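What follows is subunit A paired twice: with subunit B in the first complex and subunit C in the second.
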Partner chain A sequence: MSDENILEIRNLRIEALNGQVLVDDVSLELRRGEVLGLIGESGAGKSTIALAAMGYARAGCRIAGGEIRIDGTDLRGIGPEGRQGYRGMRIAYVAQSAAASFNPAMRLIDQICESPLRHRQMTRPEAEARAVELLGKLGLPEPAILARKYPHEVSGGQLQRAMAAMAVIGRPDILVFDEPTTALDVTTQMEVLALIKQIIRDLRTAALYITHDLAVVAQVADRIMVLRGGKMVELGEAEQILGAPAQAYTSALVAERDHSRPLMRPLPADPGAPVLEARAVDAGYGGGKVLSQVSFRLHRGETLAVVGESGSGKSTLARVLTGLLPQMAGEMRLDGRPLAPGYRQREADVLRRIQLVHQLPDMSLNPRQPLAKIIGRPLALRSGEKGAALQRRIAGLLDLVGLPAGFAERFPPQLSGGQKQRVAIARALAAEPEIIICDEPTSALDQLIADDILRLLMRLQDELGLSYLFITHDLGIVRRIAHNTLVLLKGETVALGPTAEVFAEPMHPYTRKLLVSVPQMRKGWLEEVAAQGPSEP
Partner chain B sequence: MLLFGTRIPLSALFGATVMVLFILLAIFGPWITPYAPDATVGKTWTGPSTEFWLGTDNIGRDILSRIIAGAQTTIGIALVTTVLSFTLGVSAGIFASVGGPVLDNLLSRVVDMFLSVPVLIMALIVLTALGSSIPTLILTIALLDSTRVFLVARAVAVDIAARDFIDVARLRGEKMPWIMFHEILPNAMPPLISEFGLRFCFNFLYVASLSFLGLGVQPPQADWGGMVRENGQAIAFGILAPIWPALAIALVTVAVNLVVDWLLSRNVKPSGASAEL
Partner chain C sequence: MKRYVATRLALGLVTLFCVTVLVFVATNMLPGDAATEILGRGATPETLARFREQLGLDDPLVLRYGNWIWGLLHGDLGQSLTTQASINEAIWPRLWNTLRLAGLTALVSVPLAIGLGVLSAAREGSFLDRALAMGALTAISFPEFFTAYLLILVFSVKLNLLPNLSTIFPEMSFLEALRAMVLPVMALSCLVTAHMMRMTRTSILSVMSQPYIEMAFLKGVPRAAVITRHALPNAAAPIIAVVAMNLAYLVVGIVVIEVVFVYPGLGQYMVDAVGKRDIPVVQACGVFFALAFIGLNLISDVLAVLVNPRLRRPGGGR
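Take a look at the complex of A and B:
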């Protein structure tokens, strides 16, 4: 093996305990100071490979074959204690969800210093001083105070940075980043991404960077490996993978990230009267106001996108419109008639006309009900149909959302994420609605699957004349599907109008900040944005 | 050992076997007792013999026959009590989780009040005041036990009630019973099933204890707790008579617990959807 390679994985094979092959014959090497991007959809084996690089297999999996060499030592040959000596010292891990990875009962500083103290690398005062210094370098304000806080007292972006500090404190040779920015807001993602890049450059460590977002990997990786179903599809220099992919699957991924093609049909010149209208709506929880003075009109066949960072009041707006959260002030009208504030005061026919599709189908579909019941219940309530007639309607709806009729007897846990979201859409359609409120319906899905769902929604709009209120933080989606866009900042309207106009100059500074934060799939984008300096609205 | 494609540990298998055995005894008891359980058929407190396998009791009745007959009384009463207590406790617990904060607080505080008094003491007071009969016994223990079931059911249901599909059902205009029994209950079943086993053990022991104290099943009807009381003094003379019913009580309790332990360990294992949520 060459001295250059700090990490070498040869013919790695990982199996589930039931014999299913999760990773099949994957080999890779990582040179000192190099960043290798691992990319693929969920289930491609990205995280499994990254954990295997530390000689670790998740519960229920085992490393069945191959070699994992760090600096020439095979981790599989040195026993659990030997591996423990490598973890945290030579190779460190940054997980996707910092919130789920920190111990909520320990102060941040104790968790950051744990590894150097356990490995007797530093004394406690040394480790604590180093931790505070690192937190400062990672752009956290007042690091000495922040370090004494508990995980729930800091924001998600700050927590993700604290986790990066935890990983680099032992000066490891290899860093493993497992989707470190996926759970973050688009604006926070950009900041954290820039910091990660800086850490890698400053410490000259090697890194494995896992993501499903090609635009993100384009910013940090020197080389990219594309994975699918536990097998390697393609490995090459970042420019080659992004610019001239050799495999069809890679091309599909690359094309998908190209957000230029709009999917929606243009609206008629005279859209007529609005189906749904909000006038100066205020809403909030307890005493606090989350939405203030929000007004909009939604016409038949129109898609209105609602965008903003987390905490901007997007989901609250969905709850107000459905009546789950009665508004404090203002008025809503459905087809010109006033809409009662709470869902309990609304007639069944009014409830039917506004349907909701949630972000997480795992939470929105009852896992103990078969699809026939999930979809059949709203059908039966609406039409009173039973028996064979109802079965035919269920099969028809499944067909409409692109699922086989045989799925009717299945339960949600037996379906994939994309299929579950299709079921959620079918359930909304069962009520024969006029308006569907989509609350980030694609943000939990892989890109190719998310794209299928968007196309399905557009087709249904076309066929059934549906109106969508589409809540999202992904501006790429907005520009492809939304006729009009409403930009929210801390519950207040920043911009409202035709999508093209909202994102054309002159822009509100906040709109611009959202827009520039969308990662673009070319090298050097991150540097360009960073060069423009902070753009706080 | 493999059964229906699942691995069952030996301890759970032992527990299940003992449970099935005693349930069969309870069902077919009247046909298999060697003597009439209430008839005096021998001398007082004779030891085990070929004639009387477990010996005779304080008035010369066959102990084996009385244990078989007592299985029906003791296990039957405990089972009916637990079913009743679960019907009450689970309904109220789920209702509290979806009925709004006022109702939740009201129910929870009433339950807290009941929880502050030990079940056995409370049952003693009620049964002394009302006089003991089997229906009173069942109702008293079921009502008191349902407060404990309420706590578990509410805790599980509150978590489920916060999921989006409950909002969807509400927006569909579903009434409370549908939300409680079609949306929430099926998702709450796994922890409730193991809780059922545990509560059965407690109720079984309460029935036995109350009978031992003379406030449960009344003589001459055979029941295990009562049998320990009737033959209690015999232990001073080194006679085995009170050991047999006590052993039966211990066996059933341990057997149910072994099965419940296995069920609980199955529930905490992440699998499928439960691991994702």
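Take a look at the complex of A and C:
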């Protein structure tokens, strides 16, 4: 092994306990100070490889073969105590969700200092001083006070920074970033990306950067490895992978990122009376107001996108429209008739006409019910059909969302994420609705799968004349599917109108900020955006 | 936090009041009364009527309840119908005995249960884990009197190590009393340890799949420290609840064990009183049992909040 390589993985093979091969014969090396991007869809084995680089396998998996050498030492050959000595010291981990990765019952400083104390690298006062210094360097206000807080007492963005401090406190040679910006909205993602780049540059550490977003990896990686189904597809310099991919799969991934083609049909010149209308709606929880004076109209066959950062009130709007959260003031009309505020006061037929598709199909589908029951129940309620007739309807619905009729007997855990979301859509369709409220239905999915779901939604709109209220923070999606767009900032309407107009000059400054924060595949995009001045937190 | 404790306390008092009503009504629905029980077969209708009047058994239910609860509020538990003695004097030593037995059992079983639960979780799927699971199931499955007789058979009859009766007197030295209490403590521990141990194991394992546990492993924290430092504090709430439930059971459900070992505690006192239809004694015991149950649950609810920083320090920077 050459001295240049801080990490070398040779012929890595990882198996599930049931014998399924998760990672098959993957080799990579990481030079000192180099950033290697691992990219692929979920199930490609990216995280599994990254964790294996720390000699760690998740419950239910085992590292079945290969070598994992850090500075020449094979982690597989030195036993659990030996590996503990490397973790946190030589190689450190930054997880996807900071909120989930901090122990809720411990103060931040105790968690940040745990690794250097455990490894007897520093004394407690040294470690604490270093932690506070790091938090300050990472741009956190009043770091000494913040460090004494519990995770629930600080914001998500602050936690993300605290996690970075936790990773670098032991001055590791290698950092593993496991989708650190995937759960964030565009503006925060940009800030965290800039932060990560700064850390890598300042500390001159090597890094493995895992993501499914090519535009993100383009900003940070020197080289990129493309993975699919646990196997390597392609490995090369970042410019080559993004500009001139050698493999067809990589080309498909790169092409998908270029989402410029609109998927939706244009609306007719005179769309007629609105199906759903909101007039000056206020809503909130407890005494606090989350939405104020929101108005919009939704026509038959129209898609209205609702965009904004987390906390902008997007999901609250969905809750108000479905009647889960009665509004405080204002009025909603369905086909010109007033819509009762709470779902309990709405008639069954009104409830039927507005359906909801959630962000996380894992949590919105009962894992212990077969699809026939999940879809069949609203069908039976609606039509009163039973037996063979109902079975035919279930098969018809499954077919409509592109699933084989044989899936009726399956259970949600047997399906992939995209298939589950199709089931959620079929369940909404079972009620024969006119309006479907889609709450970030594709944000938990990989790009190629998400794209299939969007196409499905557009086809259904075409065939059934559905209206969508589409909540998202992905502006790429908005431009492809939404006729009209509503931009929310802290519950207030910033812009409302035809999508092309909302995103054309003159723009509201907030709309522009959202727009420039969408990562682009160009190298150097991040530096350009960051140079335009700090955005407010 | 103060408001939470105040609300829980108020709710506890309401519950206690409801219990007194229930205890009073239920004991009055028991067939027969102290008069028939005391006078026995020789009773004539006239003597019975006079005796009832003397004992105040003829007053309307509401009036009798009012008198009783008024006494209770002033710390007067009333008089035993059979001995005419003040219940206050009779009940305190017995309560003390019961608390001593329950406390000793808790001292043995709670650390044992949590320790074994942690061990079981740390070695999930190992031989030890499975052996402990089997042991726990066996212990839970046997009725308490059976366990008790089994222990007497082995330690008292066959090995002749310990006394089979646990009657203790105030004159006994501490060590003597301790020796007498070993068998009932063992029998009770068998019952409660298993439940608490399983709950500890389950709670820890459910926390072990959290991302912050993985993060701790990836920081190079050894498994034992991950479990005790990271998993256990987050699994504390359900463990505290089940410990409190079992401690309450130790005070309340101890009756059978006290009778089997002839241990002079509250449970035995109550069983005797039921046999003699000595209603005021039964009621007094019932109130103490309810008090123990409600008090322990209150403490567990408050503790569950105290160990959770999100509940202890709500709000914050968000």
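We adopt the following convention: the second predicted complex is superposed on the first by the 534 of 537 C-alpha atoms of A that agree within 3 Å, B and C clash if a C-alpha of one lies under 4 Å from a C-alpha of the other, contacts with A are read in each partner's own complex, and residues count from 1 in each chain.
Here is the rule we use: a residue touches a chain if its C-beta (ideal position, glycine included) is under 8 Å from a C-beta of that chain, and two chains touch if they have at least 3 such contacts.
Quantities reported herein were computed from a predicted structural model and do not represent experimental measurements.
Peer 1: Specify the outcome, clash or fit, for subunit B and subunit C once both structures are aligned onto subunit A.
Peer 2: These partners clash in the superposed model.
Peer 1: Which partner does A:S364 contact after superposing on A: first (subunit B), second (subunit C), both, neither?
Peer 2: After superposition on chain A, A:S364 lies in contact with subunit B alone.
Peer 1: Under the stated touch criterion, which partner chain does A:A100 make contact with: subunit B (first), subunit C (second), both, or neither?
Peer 2: The second partner, subunit C, only.
Peer 1: Just checking: does A:Y86 make contact with subunit B only, subunit C only, both, or neither of them? Give me first, second, both or neither.
Peer 2: It touches subunit C, and subunit B stays clear.
Peer 1: Between subunit B and subunit C, point out the one touching more subunit A residues.
Peer 2: C
Peer 1: Touch check for A:G323: first (subunit B), second (subunit C), both, or neither?
Peer 2: Touch status of A:G323: first partner only.
Peer 1: By the touch definition at the top of the document, which applies to A:L351: first (subunit B), second (subunit C), both, or neither?
Peer 2: After superposing on A, A:L351 lies in contact with subunit B but is clear of subunit C.
Peer 1: Would you sort A:P378 into first (subunit B), second (subunit C), both or neither based on which partner it touches?
Peer 2: In the superposed model, A:P378 contacts subunit B only, not subunit C.
Peer 1: Just to be sure I read the superposition right, which of the two partners does A:Q121 touch: subunit B = first, subunit C = second, or both, or neither?
Peer 2: A:Q121 contacts neither subunit B nor subunit C.
Peer 1: Per the contact definition in the header, classify A:S416: touching subunit B only (first), subunit C only (second), both, or neither.
Peer 2: Once the two structures are laid over each other on A, A:S416 reaches no partner at all.
Peer 1: List the residues of subunit A that touch subunit B in one complex and subunit C in the other.
Peer 2: none
Peer 1: Once bound in the complex, which stretches of subunit A touch subunit C?
Peer 2: The contact residues of subunit A facing subunit C are 51, 54, 56, 58-59, 80-81, 83-89, 92-93, 95, 97, 100-106, 114-115, 118-119, 146, 149-150, 152-155, 158, 166.
Peer 1: Which stretch or stretches of subunit C touch subunit A in the complex?
Peer 2: Residues in contact with subunit A: 209-212, 214-223, 225, 229-230, 233-234, 236, 307-310, 313, 315-318.
Peer 1: Spell out the residues on subunit B that touch subunit A in their complex, using ranges where they run on.
Peer 2: Where subunit B meets subunit A, its residues are 163-165, 167-168, 170-173, 182-183, 186-187, 189, 272-273, 276-277.
Peer 1: In their shared complex, at which residues does subunit A touch subunit B?
Peer 2: Contacts found on subunit A: 322-324, 343, 348, 351, 355-356, 358, 360, 362-369, 377-378, 381, 412-413, 427, 431.
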